[in-house]
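Look at the two complexes coming up: chain A is in both, with chain B in one and chain C in the other.
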Partner chain A sequence: MNAFAGSIDRPNSYIGRSVSRPNAKRLLEGRGRYVTDLVLPRMLHAAFVRSPYAHGKIVSIDIEEAKALSGVRAVFTGEDLASICAPWTGTLEHFTNMKSPPQVPLPLEKVMWSGQPVVLIIADSRAVAEDAAELVIVDIEELPALADPVDAMSAAAMSKELADNICFATKLDSGGVEEAFDAADTAVEQSFIFGRHTAVTLEPRAIVADYDPSENRLTAHHATQTPYQFQDVYSRHYGIPEANVRVIAPDIGGSFGMKLHVYHEEMAVVGASILLGRPIKYVADRMESFVSDIHARDHRVTGRLALDRDGRITAMDVDDVTAIGAFSSYPRTSAVEGNQVIRLMGAPYDFSSYRANLSVVFQNKVQTSQYRAVGHPIACAVTECLVDAAARELSLDPFEIRERNLIPDSSYPRTSPTGYQFEKLSHQVCLARLKSMMNYDALRVEQAGLREKGILRGIGIALFVEITNPSPAFYGVGGARISAQDGAILKLTPSGEVHCSISVTEQGQGTETIIGQIVADQLGIDREKVRVMTGDTDTTPHGGATWACRGAGIGGETALQAARKLKANLLAVAGLILQAQPGELDIRADWIVETVTGQQRISLAEVARVAFFRSDTLPPETQAQLSVVHHYAPQGYPFAFTNGAQSCLVEVDAETGFVKILKHWVVEDCGRIINPLLVDEQVRGGVVQGLGAAFFEECLYNEEGQLTNGSLADYLVPMACEMPDIEISHVETPTRDTELGAKGCGEAGTAAASAAAMNAVNDALVGHGAVLTQIPMTPTRILKALGTI
Partner chain B sequence: MKARAFDYMRPKCVQEALEAFVRADGDASYIAGGQSLVPALALRLQAPGLLIDIARLDELRGLSVAGGHLRIGATTRHCEILGSDLVREHAPLLARAAPFVAHPAIRNKGTFGGSLALADPASEFPAMALALDAIIEIASVEGSRRVGAGDFFIDLYETALQPGEIITAVYVPLASAKTRTAFDELARRRGDYAIVGAGIDAEMQGGFVERMRIAFLSVGSTPVRVGAVEAALTGRQLTPQAIRQAQDVLGTELDPVGDEHTPPEMRRHLARVLLGRLLGRLEANV
Partner chain C sequence: MSGKVTISLAVNGETIEALVAPRTTLADFLRQDIQLTGTHTGCEMGVCGACLVLLDDRPVHACLMFAVQADGCAVETVEGLTHRRAIDDLQKAFHERNALQCGFCTAGMLVSAYGVLASGDELDRDSIRDALSGNYCRCTGYESIVDAIETTARLRRQHMEKEEA
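This part shows the complex of A and B:
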């Protein structure tokens, strides 16, 4: 469709403009209201006793001394909560034969990972709860831990409910792969290891659960991106009517996917509030976050590419083993990442023979699940590293081999060999833009010059495809009660302002800003006059909220359509007041104007005043509709794919293995850009997380399944000093499935940054006999690859 | 991550602090900048019944030159070391090391005496105290005593300090015209504790090393002086050959431990690289 054509010069044309966030000042002034800030009357505090072992049988739990401590109100163990909470199982029906053991808030018989919460203590303060936690004696008979995913595949099942440790396995085969490899002029193969890492949000997980027995009503103030999903979960698992459950997600300090999963702690705290009839606060501390927030990645991939004599890819063959911890997460499961890995492989390239094998395996570690760019960085790194390996083999320039292989911009719509439908992508434009933006030829000359002086610089390139705007094909078809649609309520105030409550949510990325821009733009009013509200299931319509890059594309379209509906209503009233045809009127700069001449006729505030307070002056039978509710569910393509290209420039100190990241470039195409400033922020933040994975971030475990670096001193989050300048350029290919034309951009940076970084390091090390196929690329790993140590 | 309950007091003088510790029967801890102690309390790695705050005692403050030494009061904060002209002039090695200590927020609170008392083998200042042959002044209820840095660091987080003793000041011999210094460290991120670091304090004349002290951080359970390397270089010029030999000697002298990120052989290798680089630029004093 795409009737939208925003001219940037007309008044209130906010779509496409870099405007600042209305909430930034409040947050910078320290006036944010996070769950942690909340204090309710009669509120108690929770702390957990956790398993010190990765795997073990609970022999006994002695809570007597803890219970007796002054200030302790209750101590709960597995049975207490299991008796009121229906178990949950993290499977989706469209993942055939997927399985996972059922989960309960606190374990009944066995502990399955080190750090699993075992006992819940409720006390007058968190400090007292921690004092009591030290008094609990948990006797656990340690069992052998399954830490290594490959061992876990063949080992005896660790859960009594399951026959083995395979959560999910699937194959894709388009046919012709063996033949293509037999006929290939060149074939390359590499094996990769992608370490575990975790989200490390500034604000940790937090909840205040407040159950009121007099009304059988639960209010959960919950630091989550998906309040509606949790409304559903708390309702069904604790047997409270959905309408009696209110989830409020106030200011949230980052999420990145981590805050949309069901965690044992939050479920236990809700249960405790129900049992005690009092509000209970739980805030994960940083040590708890490391052992209980979902981790991500943890993939071992072997990939092969077949190419003909001209360097054209003819086939790709991959095998991915991914370890997800002891349970599949709920309700989105832990199989989505692996599934996306095997479906995104080779996505930018034009070939038809593809085969993939996926094994999703249980082990005794904390759960992995969806985290920013789910699967993309792995598929991208495997593909792009293999393409570079092939280029080296064939003595082709990395740009040249990509230009020969990518799907031409003129050939859309296309279906990938893995079954994804691409509406329209822009690889050729992006790649060409990247090359000129980074001044590629000059960089190569500089690189060669420095190499003579012993300075090893490397340039890495990576193309990517990103999945955005998911339809029900993502979760709904699998039986998960996760909405793909969103809803908005727009209300005119008697002063002529507009209040918008919408189901997409804000975690710092600027959702409320872009929704405000769209509403103001479409209504023709000043942005200051639009107030956006999100994150409360009682006051906003039910919707999907924020995940998988859907806020701008789906939430934005919802807001756009709602605003158009309200505008039509307002023009109808104005027409009655002015005795003019609504079709000849428009709203510009808060005034009702004549569309053709632009002449101001009556202010919107005056229309509001008349409609609200002097309806007696309107023609009889008039019922002015001054609020609208509108829902929008994505239609057309199941997903709106985006694409882009990145490059990374590094300098490797071959003596120490240290890498300096000198510069990073991104060209990306997220369709219609609503706010370039916010898109750039998304891309930069995403790149930093990708570079974090490439060089710094890794949850390190020993053979007993113990996390050995679970603190911010030892787990290395990328910091500003180590990050390069990130230069960004945009290409706009709007989707025609919506009026707005926006697609997602939140995961684009993360999708390809680590791939570009790997290619850059390997480019720097050409001629030194070292190829890195494991991230993070630590100094130790680099020196080992070089044979120095 | 909440500390266990504790009492807190802020004595008016060192004597009062010392007596308070004795009265608490050992169940007390001094707190200076709190940058190491407070995290340890929050993690419940330590849980003293009483905190005695010595951060504001006048007797423990100040930087001054007296009797051939630079006196550094124990509660001199890292940021003061970093910004001090006296330190730059008289203890240039400390000035070189100071920017590598943590981050600005921590340097604004953390103290020199606290760093030495804690004796983290990965910390910069304990190792530099060793390289500078500093003298540590210690007070107890019995009186005051002085211990050379070489005798102060005993084992992991273990020093010559007896329970209840307070470091009052540290005395660093003044640099001369012949002094040459170099410091560097290899850390994954700026401000992190380093994988390995080293400082050199030497006197050179006409291109020859007259005296040299080298101390490493993060290579053992204490800061480590490498006497054999120093001996191998004393009286020599810092030629590429001499530097290579020194690196070889270092390889046999160090016995570093590994951690989750870094195996021992990596540490040893990086220490060699670092030593080579520092010696290569020592004479130029840059």
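This part shows the complex of A and C:
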């Protein structure tokens, strides 16, 4: 395929061009419309009473005083909502023997994590609802909390529906691992801990649920990246016909995967709106976000690499225990991350013997689930730290050992020992580009010079492979009603402009901008004449929306094919008007032109005018098709893998344990780039989330399962003064599965930034007897590794 | 709550008389009572900077003040700064550099940038990063924001030099 080749020089050639986002101006002027801002007539406000214990039996709930407070309109407990809401269970069929207890909006018998919502208060204002929440008396008999995942593996089941605390376990074994380790000249082994962290979107979760009993119609204004998924969930779990459920996702204040999961609060608020027949608003405050948004990561991994005397990897063996909280999340589950961890291990490297063991374990904490770069940072860090450990063991330069082991760019297509099919990757080109752009040799000279003065600088390299453009192999095959296809409607307006409504969604990454670029490019019109609408299940076709780096690759291809279809229709009409063959005509700069000469024949606006208002002048039997609907589902490879290389330069203060991040470099290959400006900013934002995990971010729990740093004053997020400038370069290897050739880029930065940072810190500490294998690498952990404290 | 208090203040140049509960924060007053939703709340404890507004031309956290404390003051929000075209150049630089993604931190970023640009201090990348130490952005990684403020500072300086010449 790939007949498409964008030429940047022709008129309206927007694919590949850095253009700014039309919809960003609104946000810059304070004219954004977030769910948080929304006010509806007769709207009420929700607040929750939450469990103070990580595990306990509900003995009694006294809501009388709360109900009596002036301004309180209703108080709901578990039974009220369970009676109208079908329970949900977060499992996928293709994860054999996966299990999770059923969930209901508010608990009926037990609380399973500290912060779990127990009682819902509905009042005239949020302030009154919070006042009332303080008047509710919940008597809970505290039970021992399972906070440690390894303990949880053998402890008695905490859910009565399950026999043990294992959500999912699986093994991969390509064979030959034991033999390879027996025959190895060198073997390295490390044990890693990846802390829990969380998305901390600046806009917290928010919903306004508006049920109209007269029509049995639910409208949910929901800050989510996946409105169609929620339309399906609300419809099925509350028994409302799908066509009567409308989910509107307006401006969203960040999501990063966090806002695509089903949360108890949102389900409860929808139920309350159904029970009361009034709009109800719930906006999580930041403290609530910390105890109820999904967390991410929380992995304990032991990994081993076997190498021959030339430093070639011969085998890899890993064991991953990941703790996911009390329930597997719905509908995407909490096992996808672990599954991706064990399947992405060693991905850039050319070896065939691989073995992995995965245990996904329940514990009494809030759920973990998919957050930006699902599984990638873990697989990347384990692989890349082991490669660096091997390099140190063999006295090889980090670039040298990678050059020896990379899958050659000339050897694709390839299937990894874990079963992933790689269409075409560009590790060798990326690694070489990285080395030259960072001026590696000079940095090493500088490092050696500074080391003599007692200044410890470290350079870390990490290669990554990223999963993008997922087919139904991701969720659909597991029974989840999550679409891998997207749909677009393109409408010509009577003035010759184009309106596009499409199922991929916008959270600020620039989805609407790139879709507009593609449509304008393919139609040959000015992009200011294309209006793109997203995020409303009533006005856009059903589709997958935005997750797992699918917006550009799948949504973009949908838009491209739709635009070509509309163009063919428009040229057919123009041909009738001009008495010319459509094949001899083209659209350029809003004009119908002769393809060969470029001579302008008739404006698109005039074609539209005739077609809409003077159809009587067209030949009999003509029915001009001025709108098109088009759906596109990915075919060919199950995923479009991308790749890249990152490097981090740090300076470690061995006395204080503080690390200054001096610079970060990224070379990445996301296939066809639609808008370099937006791709670069996706990569930068992604890197900073990875650096946050590497140095700052961790949800700290005590042994009782209490989160001890659940506020923005205590939980550290990367701030401007701690972050480096990030230099980016691109290699473009388009996928041949689509005309557009685009793959994803949103998770690339996060995928390898922590790994590069770990390798950088460990490089700085070479000779000091310290190796960090736990993130975040806090000053305390660095000083402990150094033996200072 | 009972016992509402009358306040009078200037918001974006307009005089507002309002009855507010003493516990209403300035952020909630702006967002809910007078529907200036350009100001956001991200932490409600003065950490994230999403709620920054100008109080008598100085950036303050609207979430850390009660509305009653703003009685008699002049408050300016992103809507007001936009309306009087005080940050046209800054907004243009943010737009062209794509120094925002979801936009939720942006009003606070612009208020911080307005403050640091108005200070007249010589700005380099490090001092801009320092000036943003109270503004949290999850999307951009900050570099584009630093770039946009740096560009605005440079253009303003060039403009002033031109005026003087």
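Quick notes on this one:
Everything below uses one rule, namely that the second predicted complex is superposed on the first by the 789 of 789 C-alpha atoms of A that agree within 3 Å, B and C clash if a C-alpha of one lies under 4 Å from a C-alpha of the other, contacts with A are read in each partner's own complex, and residues count from 1 in each chain.
Criterion: contacts are C-beta pairs under 8 Å (C-beta built on N, C-alpha and C of every residue); 3 or more make two chains touch, one makes a residue touch a chain.
Worth saying up front: this structure is predicted, and the values here are computed from it rather than measured.
Contacts of A:127 after superposition on the shared chain: both chain B and chain C are touched. Within the superposed three-chain model, A:256 lies in touch with chain C and out of touch with chain B [touch as defined at top]. Contact with chain B, but none with chain C, is seen for A:696 once the two complexes are overlaid on the shared chain. By the touch criterion stated above, A:28 is placed in contact with chain C alone, chain B being left untouched.
Once chain A of one complex is fitted onto chain A of the other, the partner contacts of A:779 are limited to chain B, with no touch recorded for chain C. Which of chain B and chain C touches more residues of chain A is settled by the count: it is C. Contacts of A:286 after superposition: both chain B and chain C are touched. Judged by the touch definition given at the top, the superposed model places A:200 against chain C, while chain B stays out of reach.
When the two complexes are overlaid on their common chain A, residue A:721 makes contact with chain B and with chain C alike.
Within chain A, the residues touched by chain B in the first complex and by chain C in the second are 127, 285-286, 713, 718-719, 721. Within the complex formed with chain B, the residues of chain A that make contact are 125-127, 130-131, 134, 285-287, 655-656, 658, 696, 700, 708-709, 713-714, 716, 718-719, 721-722, 778-780, 783, 788-789. The touching residues of chain C, counted against chain A in their complex, run 1, 21, 23, 31-32, 35-45, 47-48, 50, 77-79, 82, 91, 94-96, 98, 100-107, 110, 125-126, 128-130, 132-133, 135-146. Interface residues of chain A, counted against chain C in their complex, comprise 20-21, 24-34, 36-37, 39, 127, 199-204, 251-256, 285-286, 507-510, 677-678, 681, 684-689, 711-713, 717-721, 723, 725-726, 749. On chain B, the positions that touch chain A within their shared complex are 1-5, 43-44, 186, 188-193, 195, 260-263, 265-266, 269-270, 273.
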